[in-house]
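Down below are the structures I want you to see.
What follows is chain A paired twice: with chain B in the first complex and chain C in the second.
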Partner chain A sequence: MYGFICGNRGRLSAVLLGLSLLTSLAGCSTTAGIEAAGKTGWNQEGERILNKNVVINNSSLAGEIEVVDMKSALAGDMMKAQVSLRSRDRDTINIQYAFDWLDAQGMAVGGGTTVWKPFIVYGRETRTIQGVAPDPRGREFKLKIRETDD
Partner chain B sequence: MKTIVLLCVGLLLAACAPNHSFVFLDQTAVDQGTGLVWSRNANLPGKPLLWKADDNVYSFIQKLNSDNYAGYADWRVPTREEMAELIAYAKSLGYERDKLETWPFQKLRQLGFINVRDYDYWTSTRQSPEEMWVADLAGGRVLPKSEAKPYCLWPVRGGSPAK
Partner chain C sequence: MQYLRSLLLCLSIAAMSLAGCAANTVQYGDAGSAKPLSTEFGSSDLQQIAESMVDSLVTFPPVVELTGQRRPVLTVDKVKNKTMQHIDTESVTDSIRAKLIKTGKFRFIDRTTDDAAIEEIRTQQESGLVNKKTAVNFGQQIGAEFLLTSNFSEIRQQAGSVTDVYYKFTMSLKNLKTGILEWSDEKEIRKVLNRSMFGG
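== the complex of A and B ==
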């Protein structure tokens, strides 16, 4: 066994290097920020509810911005989403946000293109971001928030 | 002696059972025996509705109440017992399995209800996380069925909606 490991040390190093590279690439594929997701559901009485989920991929941004509320409603056939953010910082924070919309089966609607918009949150302020589904099939949203490059 | 006892028990049961007597108004039918007020139109949505979906049973009842339908804002889905009682009354008017004209939906139409469908109707009584009790106005039975399918809705108000 020892002989096998020593004999293949170079090959093992290459495999380990490849694995670590893959892991770091996989880490980059998610939004390096905060994702606030809401999915339409119904409770046992048939009342419409919003199943909420917040995913934090950037602990430094999560230390500055907090998702305090998520709501959704139907405006005609279109799903409307509202997410309230609160700044934990005393300084102004420049962020960008984008909505992704999915249908009841989790498939992207509205072309699936992500459009990032600039957004400013002043110190200790609570601000609300609203979005409307681009398509009547939209029943799930994902609000992505990231820091600006500057 | 046995016959007399049975007769007494029968009379007692008949006395305890709600004495249904419907008063039909323009949009409602008042059951003077139970105090329940049924919508006279037994298919107000005009189509079967789903329990968990957009434009479902819940939102239809919400809309009836926000519109103050027939002057009331406390419409709800009937319970399993209320539907079973209505079917039992319809059957008591003369039911023969082989004669379509005696089936509950026909008897309820003959009473004065409109749009009674020979179909399954929602009750508000849940059997399991996936099943609700559903009233079949054709066959005259109330059985647990999948909540994922659409059924007709017959709104009711009043009474004591113990589930």
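== the complex of A and C ==
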């Protein structure tokens, strides 16, 4: 066994190098890591409610950041969204977020560019992200959170 | 001799392939990317400022009340750029104005296109080409009720290999009739550069 390892030391180190490269590349990924979606609805009493849904695409990011609360309110006829995030990490986490807005029929509103914003969460801290619909048609939001692309 | 010839061939193929690798490449980037390249004012900073100002203005309770019944007419003042950088501040206010118009809550007057408007009205009135019933008269435009004013400042600090730049964009909505500031907010951005000992 020892002979096998020693004889293949070059190959082994190449594999290890490849694995570490893959890991580092995965760390730089800019995929939407966590998606927190909220959709306006009405209950049987006719009160406005928010149907919530969280999708996790990046388990390592979800291990560091947790979506603890989602709220929405109306400012006049403009929908406001608030998502609370809690850090599970002891270190400072640098993330980016962006809001997508949809109307009552699920059609995108606002259009144009999805603006990513930097966001810092300190160790074990809970912070809130707020967004406002681009126009009064917005009735559903999707907050996308990802790791910084550096 | 045979060996030398094949070595030369290999080297020339390697050189050609390397030359191919060195060619410049162009690709489309994400216009909404938040990746900072330097501490200078960048596109992401502009987008963050515009979105922050618009979100704050349209959800401020007195403004919500004001825009609930009617669409007030606004005009935008030039940004007072107190930073040490040459920034196209009109681009910032253009983004803010475009977003505010898209909310459907405000109407705007654009004084930068007045020369073209005057020329067009003069043509309609004096050229004899336009039917008098449809020609636009001078003195019919609506005056702005509010003025959007802005200040942009920067504090730059340097210690050793660390450069710290703090930007502050302040915007206010001034009632032109009463002179009262109906709304004001600011957006702060901090960018820190750690210059690597081994980097350029």
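In this section, the second predicted complex is superposed on the first by the 117 of 150 C-alpha atoms of A that agree within 3 Å, B and C clash if a C-alpha of one lies under 4 Å from a C-alpha of the other, contacts with A are read in each partner's own complex, and residues count from 1 in each chain.
Keep in mind that, in the parts below, a contact is a pair of C-beta atoms (placed from the backbone, for glycine too) under 8 Å apart; a residue touches a chain by one contact, two chains touch by 3 or more.
No experiment lies behind these values; they were computed from the predicted model shown.
On the superposed chain A, the positions of chain B and chain C stay apart, so the two partners fit side by side. Of the two partners, chain B and chain C, it is C that touches more residues of chain A.
Legend: residue contacts after superposition of the two complexes on their common chain; A:Gly110 is shown touching chain C, with no touch to chain B. Contacts of A:Glu47 after superposition: chain B is touched, whereas chain C is not reached.
Between chain B and chain C, the smallest C-alpha to C-alpha distance in the superposed model amounts to 14 Å.
The residues of chain A shared by its contacts with chain B and with chain C come to none at all. By the touch rule above, chain B contacts chain A in their complex via residues 51-54, 56-59, 126, 129. Put simply, chain C touches chain A in their complex at residues 30-36, 44, 47-48, 51, 54-55, 58-59, 61, 64, 67-68, 99, 102-104. Residues 41-42, 44-48, 74 of chain A touch chain B in their complex.
On chain A, the positions that touch chain C within their shared complex are 75-76, 78, 80, 96, 98, 110, 113-118, 130-132, 134-136, 148-150.
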